[in-house]
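Dropping the structures in below, format is structure tokens.
Two complexes are shown next, each including chain A; its partner changes from chain B in the first to chain C in the second.
Right, the complex of A and B next:
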């Protein structure tokens, strides 16, 4: 099927939710206020690590305007949560392991009374020495933060014989890389509503990334039948992985049980969000890479340590994905890879766009750049020599059965203006002490869950009274625009106008379980599920039309937004409205479902924690930077993003992702870090957490390579994460190209760049002939 | 004190305002654009019984020229300064400083009086006012007094203003056509950032040359208050401001500052940056001068 045959798929369809979001008309859940509402607040720990000896809530309870003060004693069910292992207490009872730990909840008439009540709760702590270094946490000298020890997970992948390869190599590189604790910095901080309905149902309205799983985690803590809980998780003011885990849903549920049916609201301040919210894992990555003179990479050895903070959340999966991706999209025959996910008292880290790949991509792609320089090879040539293609075996020993676009992205990179004219661009400096450079990097990111996790999609299609269709997909729209793609796919396949499609997402009473909106999976999975539901809807429509006109279903044809029944006396038009009324009168259902299982690899690499995945998206970035050598400031001036997203369903949506991802990557590389000292946050809010603004946003061009993936909806894959990954190393490689310094400790702040420049100056021998 | 318990008084004239400051027994704080005040209120630092809202005291909002003196009302916003042709012609250094404050929203709301009164060592208009040799007029019910900008600041957040006084005017001399200035800021990013180091320079140039007959240099965020760099200033007139001379002057700046380490930067980086900003600023200023001469 060619693009041109399609009315919606592959077209620049504007976001269906765009106007109300852009105008501010849309109310997010935390925007709501109700007359009889109650405010909820959370008491967080005063210490990063301490034993709790006693909690006295009596003074808080006595305060006028306080409805409830709850502690661990008030949890009806299991006092814990966590997507993989529920190691995080809902409310700490005997020990606190980070300053984000919750100890008590308050519901009060006003926010101020609630805050004041928190200050009246007396917690008797016995402070302990916090563990703030992941490497130290792994030693015998460190006390155990959890019974199972401080190493939450250890994953390994081995292939070939690295020792032998190192002994035969022409060149070996060995470096250590450090990465920052990036914050999701969504515009809507964690928050929502809980209310106990008159019929005894508990409704939780709270932005999340998987309403059905949130519901189960709430049910477990409340010891309540999940069917008695409704979770509404859409719309969302941004998530990026930071709302994948439980945020405040359980607190809302607990408080709602104690407010006499009055709705209770919690909305974290930015300061509380910084302390309690999940972050990106800071990594230490040690990498040793060997190559032959001709540029063939023959070995890679990696040891990565991820600081997951006080609780696991998805840390185990993050380190597993990191290790799976740490050799890049290359075929390196000998690899020896291991990763550790380690508990410390540094807040909590978990899911975040890229999911561990960002940190390791920075390492391998810096090594690729160093190799190209040392071997005097073109950086693209070197990569082309080592990339795998469909049917090849990757570094981790995986035979790729799905589409692989790396080579096309590199070929496109070679031909693009920025790369072809890089010598010219380099010379074009704005002031004499400034230096320009161009850097490139390529990477990939799995789509969907790894082995061991069931991965399915489901969608509902409902014919409405006015003849329109309602598409229901559990996956929320966390900003990526999957709802628009769902509408496009449904309209295309139902042969109706896109304005006849409404989309509902993220609501346990309106949608069926479709899995998470993570792992770059929701376009692929949700799209396929809709495609599976459409034939059921068409059958329902044709059969009804056939009945109405007394013809055989074969004699019903689909037109634009209507059907035709072929009768002896000619064609009869049947509108979808007619069909709705016909079915309604007969009390017959107007809703169908579609289900889809994500294809998986058969065998897991032992000890890898879920590798390999079946499907990956690929991307190459090129950037132009200018370094001010007097101050160390770096400007990213241009970005070229070349994704392989499979078939592009909506170019405008893809560009939105590519541009947002690039800016997030720029922030990660140059500015962002949540600084901690001795277990306390030094970064407090957006005054000192430095996000890129429009003035740090360069020109970003997106040139997708169209490599259709047979298994995807209309050939699509996923792109939500890889869009921010290679740019990290592309920027640091460009800084090297500009100023001759390698930054291995991110973010590359002006101060770090300036220090590197100073060091370079000090170590450069003076040329006496000059 | 809860935020909801704070009340607000909105005087209609300067006189009424001064009367309140003199006689009201409760704790008070003036409120201009609120861009510092609201932040500190939320942090729990500033919770007076009453905000004294200056919004309607229009007589504090002006930009005028009186004989040889430029006068600015404290309620003048950064945007008004940026867009003033008079200040563009006579106070380039201040206009540039205001352009570096926050971003558009902050420039529209924030006032020069608020920036001075907050007395942050990193406040961006302050080095510019040092470089212009500005004086600050304080008014109370009992009268007015003028105070040199350099004597106004005592320490971070501390000024010479008494509780019954209000900043009523900022003034400096009209500058000649060979007087030029520049403001340089280094922040963790380009917009919405607090200065790691900032620097303001004004020079009086000799027509047709690279020679300078005198100048002022001030640094912010490298000490408890803004610091005037007198050694560097003395070097300005030693000879033509060649690239080499500029680099030498920059190097001396290192010795004039006494910064601290904080979340934004280390003390040693700040030191180096004082030198870098001065050198970069002088270079840019001289380039502009040369282009202007052509």
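Right, the complex of A and C next:
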């Protein structure tokens, strides 16, 4: 497919919401202020694990300016939420399992009064010893944090005979890897507002990643018909998975029932967001990999343990995806893989860009680098030897039926300047005590939800009074720019100007259910749904034009932004505005729908928790680093990102994802970690959580490989997550290339690198002959 | 409570509030200017950046009492959708905004920086100037490009 056939698809179309964002005119949910507004606040637990003996709210209730103080007793419906299992109480009643647990809600005239009221609520706790180690949580000695035990989920995938393969191997590597508790650190903390409308509708405006599911979770807690709740979840000041689960929606809904129709607003401080918000699961990954001398990998054995903290959220799905992806995009004939998702009292972990694949990719791609070195093979050659292609069988044993771009990404990597000239780049140090190195890694990430979960897209297309079109897709724009891509697709297919397209997203009253914005799925799924709606719109327009001019529909042709009716006395132009008025006067609908089911694999691997997926995106990263041997500090200087995202619908948007993902990956690998001690957060805010700034931004180049996935909209797949995955191991491999140390415990902080350098020094024998 | 008079985006305003209220809250809650965002409230992120007598400051660290009689410019005063500043136009053209929550602060900081120089800055110069503004979405690459593009356009329009 050549771009030149298209007016919008494949073009660098600037974001349609750009102007309102750069001028500050766009109103986020947390921006709204009203004369009669009241403030909501949440009382969080003082202990990571305790029994609640008694809650006394009487003093808070008596405070002037307080409108409501709510506890678990005030929940009309089910006191729990959670995307998969609703194991998290909305308001804790008898036990708290993490310091993020909410116990009471307050609504008051001002923020100050609300805060004062919180301090007047007395909770009588019986503190218990928190469980802070996931391995310990799995033993018999650990008390159960939930009735079902501490292992939330256990997934396994087995294929071939690993024992036999290990006994026949020429080389075996065995290592344990640890990964950090990364914070999403979206710039807009959780917040929004809710109001009980005069007609009895409850409106909740709160950034989220799936308005329809948020609405169901609210309805369940309030025992209210979901049809009486409207959730508006767009726009969003960043999410990355961190707003996939309920944040403050249910609190807003509960409070709104008690404020006499006055709007109630909650906006978490950064400090509260750190404590209450979900994080990336810290993993322990034990991996044993076997290969033959020629570089053929013959076996991989993995045991991964994910710390999901106090509640499951999407932890079960995270560990399942990790296990599905832990052998990389390779065909390893013998695998024995298992993963555990375990409850502890360490905050809460949940969805985060990459969804478990980051943690396991770091392990397999470090092993690939070690194998290449030990077998004296080129790291790209070694990978090329083991990658699967479309039609091949993957390590987990399924035949790949959709496009696979790994080989192309590796070939592009081989040819790129940074890789070809790596010997030169290595020598080019900035100080004598600094060392440079170049590392590479490749990975993949599933697109869509996998087996067992509904996965459909739906879109509406409406002809408006002024002759423009409104595209409605449930999927929110969490920053990635899917709204612009939706407009491009609609304009392309309707053959109209993109300025005639407006897009509405994330509003249960204005859009139909189109699933979540997760799993890199929204471009693919929403795009296909729009493509399905367009023929319905064209039919509607054509038929109306035919009626207007009394011709057969086949005598109506589409032009640019208008239609032509072919009549005996010549062509008659019909504008979309004319059609709207014609239909409006006849009280006929001007809105159509399009629906799309994501193709799925037929058979699930038993015990795998949803594997395999049908569609994957692929990516190879190359990085250049410089390690300061005096301080242990690492700078990433250059990044080359080579994605296979299928057909690129908007190169500017794709680069934006690749650049943002790379920098987030740098933060994850080098400094980000929410530190916890005995169940309490030692990391409290951005003063002690180090995020990459513009100063740390390397030169980032993006070279998408030319590929098209037949099933995708215009051949597209998805990109949102894979962009931050291989870079992790690419950086640690580059650190090894520079300084000869293997970092298996992330983040690779200066302290860890310095310690590793010292250890290396101590263990290197001094050669007296030199 | 105290009456505080100051000038914001060229207009004189008068608000009644506690002198210890932050300028950011005054702008957002009392002046109805919600372009400036709160992200950390501690001077760490720059999303609340405004100009105080032409100097970029974190408005979450400035108290209302300190702006009595002073001049404040927020992102709304830099340009509007109908009449964008070259910096804003360049951010749109280069794709330098994603979720957009950090963007107003970056626009204000970039505008102040470009006003203070008369050349197309190198990457290291921009990195120094914008080191206090966090963005979690973009990876900053397109922000660097946007600032250079705006500088080049600004320069060529001055030369005309």
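Everything below uses one rule, namely that the second predicted complex is superposed on the first by the 769 of 770 C-alpha atoms of A that agree within 3 Å, B and C clash if a C-alpha of one lies under 4 Å from a C-alpha of the other, contacts with A are read in each partner's own complex, and residues count from 1 in each chain.
As a working rule, a contact is a pair of C-beta atoms (placed from the backbone, for glycine too) under 8 Å apart; a residue touches a chain by one contact, two chains touch by 3 or more.
All figures in this text were calculated on a predicted structure; none of them were measured in a lab.
> Check chain A with both chain B and chain C modelled on it and let me know: fit or clash.
By the criteria stated at the top, chain C and chain B fit after superposition, with no clash.
> Quick one: the Cα-centre angle at chain A between chain B and chain C, nearest 10 degrees, please.
40
> Looking at the overlay, what does A:751 touch: chain B (first), chain C (second), both, or neither?
first
> For A:687, using the defined touch cut-off, is the partner it touches chain B, chain C, both, or neither? Pick first, second, both or neither.
Both partners, chain B and chain C.
> Of chain B and chain C, which one touches more residues of chain A?
Of chain B and chain C, more residues of chain A lie in contact with C.
> After superposition on the shared chain, which partner residues are touched by A:631: those of chain B (first), chain C (second), both, or neither?
first
> Classify the contacts of A:480 with the two partner chains as first (chain B alone), second (chain C alone), both, or neither.
second
> Should A:661 be classified as contacting the first partner (chain B), the second (chain C), both, or neither?
A:661 sits against chain C, while chain B stays out of touch.
> Scan A:695 for contacts with chain B and chain C and give back first, second, both or neither.
The answer is both, since A:695 touches chain B and chain C.
> How far apart, in whole Å, are the nearest Cα atoms of chain B and chain C in the superposition?
5
> Chain A residues touched by both chain B and chain C?
Common to the two interfaces on chain A: residues 687, 693-695.
> Help me check something: in the complex, which residues belonging to chain A touch chain C?
12, 14-15, 17-28, 31-33, 184-189, 235-240, 267, 269-270, 478-481, 652-653, 655-656, 658-664, 685-687, 691, 693-695, 697, 700
> Touching residues of chain A toward chain B in the complex: what are they?
Residues of chain A touching chain B: 110, 112, 116, 431, 433, 630-631, 633, 671, 675, 682-683, 687-688, 690, 692-696, 749-751, 754-755, 758.
> List the residues on chain C that touch chain A in their complex, please.
28-29, 32-42, 44-45, 47, 74-76, 78-81, 84, 88-89, 91-95, 97-104, 107, 126-128, 130-144
> Enumerate the contact residues on chain B facing chain A in the complex.
Listed in rising order, the residues of chain B that touch chain A are 2-4, 103, 186, 188-194, 196, 263-266, 269, 272-273, 276-277, 279-280, 284.
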